[in-house]
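Below, chain A partners chain B and then partners chain C, in two separate complexes.
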Partner chain A sequence: MIASFAAALNRSFRHWSLLPAVVVFVALTVYPMVNLLRMSVSTIEFAEGRAHWSFTPARNVALLASDAVLPAAVINTALFVVAAVAIEVFLGLLLALLVARLERGKGLVRTAMILPILVPPVAIGSMWKLMYNYDFGVFNQTLVALGAAPVNWLGSTSIALASVVAVDIWHWVPFVFLILFAAVEGIPPDVIEAARIDGASTVQIARRVMIPLLKPALAVALIFRGILAFKTFDEVYLLTSGGPGTATELVSLHLYRVYFEQNLLGYGALLSLALIAMIVAALLVSRRALRGMSRA
Partner chain B sequence: MRHIFRAIAAAALAAAFGVAAPGAQAQQPFADVGKQPPITILINSSPWYGGFEKTVELYEKQTGNKVKLDTTPYGGMLEKARNAVRGDKSPYDLINLDTQWTIEFYEGGFLTPLKDIDPAFDLPKEVLTYGDSGYWNAAKRWRTPNGGKLMAWSPNGNVDLFLYREDLLKAAGIAPPKTWDDVLASCAKLQDPPRMYATVIRGERGNGIRFEWMYFMLGKGATVVKDAEKGDYTVTINSPQAKAALDLFIEVAKRCGPPNAGALGQGDVIQLLATGKAAQAMVVSAAWSNFDDPAKSAVVGKIMAVPVPAPAGGKPPALLGNWNMAVPKNVPDAQKKAALAFSRWFLTAGAQRAYAEAGSIPVRSDTFQSDLAQNPKFRWMNAYLTMQKYATQELGYAEGAQVEQILGLRLNQALIGEMSSGKALNTAAKEIEDLFRKNGRRTGSLPPLPE
Partner chain C sequence: MSAGATSSILPLAGRERAVGYLVLALAIFCVLGPFAWIMLTSLKQQIAIHTGAWSFAPSWLNYTEVLFGRRSDFAGNVANSLIVAAVSTLLVLIVGTLAAYSLYRFRWARWVVTAFLGWTLLFHMIPVLTLVGPWYVAFRELGWYDTLSALVLTHVTLNLPITVWLMMAFFREIPPELNEAAQVDGCPPLRAFWSIALPLAAPGLIAAGILAFIFSWNEFSIALNLTSRDTATVPVAIARFAQQYEVQHGQMAAAAVIATVPALLLMALGQRFIVRGLTMGSVK
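Presenting the complex of A and B:
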């Protein structure tokens, strides 16, 4: 009897051993997601010192449909993600290829490139806000010293989003560089050597040999940066707070206003789900595009 | 024995702080609050914080009671306060709330009416009540002492002042402005961009432009809704008067200010005036200390204050932006009593004088009327008192934060030229009406303005 129980326990141990991981997964991932889903179909109001939940999915959907700022936020977010990620990956790749050719000082470059990633986002926002300042910023002072007119970096509807994208590029190009640089360093030298013996030029080696070999690393960089770019908040909050008008309003910033300033917790949860859906859709599209690239 | 020692210490400190008020105040400038347990206060790091901190230090020295300050930037205050009151036990015994946030906390039942802690507690008659934002009538859902309970007191009441460079105006032969026409006339002489801007006003999206524009709105006799206190939420923001106010605001901001008028925040306005790049500015009173501090200002002693100009033929406008100190419901009774003891002490004439001398805006009328007002250091006080006379609370309803966001965006879009003023106000009116309708308010709207 005892022996058969021990044997059964032994057989099922591999399942039981997963329990701690399952508990952690449920507590940290499943429960918050279920709670988010529950919130998204509810209205949460506070009275008599406690929260009162009511089931109002139609109300939240109506709020989503009638949200006048959301369309601008979605368009800006799409523009921001495409522009920032594309430029970051291009520059990161270019830097990785150039630094890989260095014979000395690779370590120094790699260390220096980490610095922007280490700066806290709040410091980045404050620093760039000062540099963009219309009257006192270093950019406009340089322009004026050169005899040019100052530029309204953060106050012009046509430039503000580009100014925010520029800060994001400065912040995240090193991240992309580090991923791609590691991948470039991992390419076997004999492959490149063989191409060179076959008469390939440097550009041809980069285009026909290195970039195809870097596709897995490029995919990782694109996916990581894409997800993070969708969620960008601190830079835009500190630089422009979404203005002027809705020129730099991103979905994450709008979400913050809905949750924390308007205190619409149910609608905020629905908006969070919409943002998650946007990210998933973008990932699926980019995965398909990457697959297409690999087949080509 | 301890009481005698405390009284002597209080008298010595009062003398050290230059307390010279006559009569009863001189006899008892501070309250004796006895020994209290330590308390923690959630307080914002606004321009007046330095004065608050020094006054708290005085309280600690004088009473021996301990106060811990959780000093938080404005951006984090609301969430810290929400988290504190929604939990089982608040880590704060006093929380400081922006006037716009109070309704959420009053309606949510998260605060303790001050008379529930001590039925004998009342605000001294000299204490300014800032549009009665510390009272809450739950049945009426309105902040009023009529049928309302005292929930909070104000440690700070901001109104805008119109600050100007005395030296520049004198040199240009311009008198301090009384109307916006005066301001526009002065712009012709003073505007010399990018070396000098004649008048700078906050125009950035959100609270900044909403708050400043409302001075123009009130001056033109316009309103956001018809009569919210009586439950009539008919939206009146797209009235011809409101449009005139917006057109005037845009004209002043664009003709007299920098090209980035639509992105100017509070810090920018203060910076332009303090660095000598602006001749005049509309600034909250709490920012005054920046201009007389040689470490922060290039124009020490050159700035003067007058009430915010009225539109020609319009009313003197004033809008309140005060803070409210309240006791959460979820703190133990002994802590509530200690919080109330601090409140009682803080609102005394002696503490308020020390508060003013430390660079803050006092909240007692007798402090403004004391000899301090004659001191050049406090030359803003007369303008402040005049503004106080006319000051009102706006957006004092549960939807206030959402209305502010709507107005903050649409006004900014009008200022930067994305929309005409008529279209901006029509759009705002429609959005505000929809909001009230969804919340079951009695609402309606005016015919749209020509766009």
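Presenting the complex of A and C:
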């Protein structure tokens, strides 16, 4: 009995080993995505613990058309992603090129750099919220001590988005650094040695030799960060919750509000589908770009 | 791979080296400074925080208030987070490792592999909030809304892509001769998995386990919307701290510090596994 059971387990191992993962994905991602389609043409209300679905495609489209916050959220998100990712990749690259050519401190810097990646984003949000505090935050304390006027980091419409971007930069430069640093360490040392013997300066070695060799890793860092930045939610929820007004309202925050503050599950689903379509398009485009870059 | 021993690339010298170390020190200060500041703040009392005093009498009051205060549920939140993170990590390791081994070892049709991995990539890339809506509806209909089990299921799903990728990468490093030898010797597939592949991929299990635990411990946007007071996890509690009408800044800082502890502990234990896990796949 047991022997034949073991034999059956062995024979079918190939299939049942993949099965649990497939079940998880079908139940918790494929099915919800299909459900998004159904939700996007419905209005769902809960009464006495039961969901009541009604078919209202026109209402959801009308909500989309009359959503006054959405354009601001899209523009903010675009600004946020472009600014944050560009600065992160620039700083991460600079640091990786530099640290790779120092003899000491590599272990230390690597340890320090992992920390922001592993800390709860919510904790990072509350840390920076305290540091940005108008009355007693460390930045305004320093400014006042230097005789300057305090700045309303998170409360002023013109500065809030930049303040939020700064937190994202602090959070993610280390990640870009770790990716690029691993790639720099992979460059064969004799290539750089050869350039030095040919009389290239440090800056020339970095620009003409190292950066071209880092192109695939740079593309990966750009795409990874681009897509992750697009998803940013936790820190901004903590720091500003989208305010003041709609100054830092991002698409993810807006989606949260539609789903769970306005309880518009149907319209939220419509918005979600649009977001997913955008991500898929971005993935397809970036895949082509990635291939082009690694060939170049 | 210890970094100091493999100083492979031509080191800088002279003034360039001095500038290099200066920038390095500045970078480390920028990264660690905020942590130091929040730590100091968590040891201050409300008055010291508000007057912005640099010198103060440190006290653990904020911590005892957060963890054991009458009006605080934080200890319960920590328990919830620990349960969800531990159970979901265990489950995702089982499910993810089996799937990774299956895809690596057995001859699946190409479209199966592409479809599976493509789907993990897509799911990993979309904002999870898009799915929290349908999850919310489904869990309400099933009566699982506001349960830790539902949260565990979503965290397993969330961590499955990265677990599968990591474990596949580690399995691929096993010399193929070992598998062939096992096959020639008539070693049953299950035995080959358990006694040959799994021990060799143990560093991968550690890396994937640490990352899954930390990501689950940190996860906010799902927990925010699928839990309520009794089932709230640590990140949800921290957000509530920050949004109280009268914010207790010292307690908010203490809660943030406490929330960082697991990451610090796991990092101290498994740093080299984590670095490998975080950068693996993204570079190759």
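Definition applied: the second predicted complex is superposed on the first by the 248 of 296 C-alpha atoms of A that agree within 3 Å, B and C clash if a C-alpha of one lies under 4 Å from a C-alpha of the other, contacts with A are read in each partner's own complex, and residues count from 1 in each chain.
Quick note on the criterion: contacts are C-beta pairs under 8 Å (C-beta built on N, C-alpha and C of every residue); 3 or more make two chains touch, one makes a residue touch a chain.
Only a predicted model underlies this, so the values are computations on that prediction, with no experimental measurement involved.
**Q** What is the contact status of A:I276 with respect to chain B (first) and chain C (second): first, second, both, or neither?
**A** It touches chain C, and chain B stays clear.
**Q** Output check: A:F90 vs chain B and chain C. Expected answer is one of first, second, both, neither. What do you get?
**A** A:F90: touches no partner chain.
**Q** Of the two partner chains, chain B (first) and chain C (second), which one does A:E193 touch, if any: first, second, both, or neither?
**A** second
**Q** If we overlay the two complexes on their shared chain A, which of chain B and chain C does A:T29 touch? Say first, second, both or neither.
**A** second
**Q** Looking only at chain A, is it chain B or chain C that touches more of its residues?
**A** In the superposed model, C touches more residues of chain A.
**Q** Identify the partner contact of A:D135: answer first if only chain B is touched, second if only chain C is, both if each is, neither if none is.
**A** both
**Q** Using the touch definition from the top, say if A:F260 reaches chain B (first), chain C (second), both or neither.
**A** both
**Q** Now for A:F46: first (chain B), second (chain C), both, or neither, which partner does it touch?
**A** Once the two structures are laid over each other on A, A:F46 reaches both partners.
**Q** In the superposed arrangement, which partner chain does A:F55 touch: chain B (first), chain C (second), both, or neither?
**A** After superposition on chain A, A:F55 lies in contact with neither partner.
**Q** List the residues of chain A that touch chain B in one complex and chain C in the other.
**A** 46, 49-51, 133, 135-136, 241, 260
**Q** For a test of understanding, state which residues of chain A touch chain C in their complex under the given definition.
**A** Within the complex, chain A touches chain C at residues 6, 9-10, 13-14, 17-18, 20-22, 24-25, 28-33, 35-36, 39, 44, 46, 49-51, 94-95, 98-123, 125-131, 133, 135-136, 138, 141, 170, 174-175, 178-179, 182-187, 189, 192-193, 196, 202, 217, 220-221, 224, 227, 230-231, 233-234, 237-238, 241, 251-252, 255-256, 259-260, 265, 268-269, 272-273, 275-276, 279-280, 283.
**Q** Which residues of chain C touch chain A in their complex?
**A** 2-4, 6-12, 16-17, 20-21, 23-24, 27-28, 30-32, 34-35, 37-38, 41, 49-52, 94-96, 98-99, 101-103, 106, 108, 116, 119-123, 125-138, 140-141, 143, 153-154, 156-157, 160, 164, 188-191, 193, 214, 217-218, 220-221, 224-225, 234-235, 238-239, 241-243, 249, 252-253, 255-257, 259-260, 263-264, 266-267, 271, 274-275, 278-279, 282-283
**Q** For the complex, give me every residue of chain A touching chain B.
**A** 46-51, 59, 62-63, 66, 68-69, 133-136, 144, 150, 152, 154-157, 240-246, 257, 260-263
**Q** How about chain B: which of its residues touch chain A in the complex?
**A** Residues 78-79, 85-86, 104, 107-110, 194, 204-206, 258-264, 268, 271-272, 275, 277, 329-330, 401-402, 405, 409, 412-413, 416, 418, 427, 431, 434, 438.
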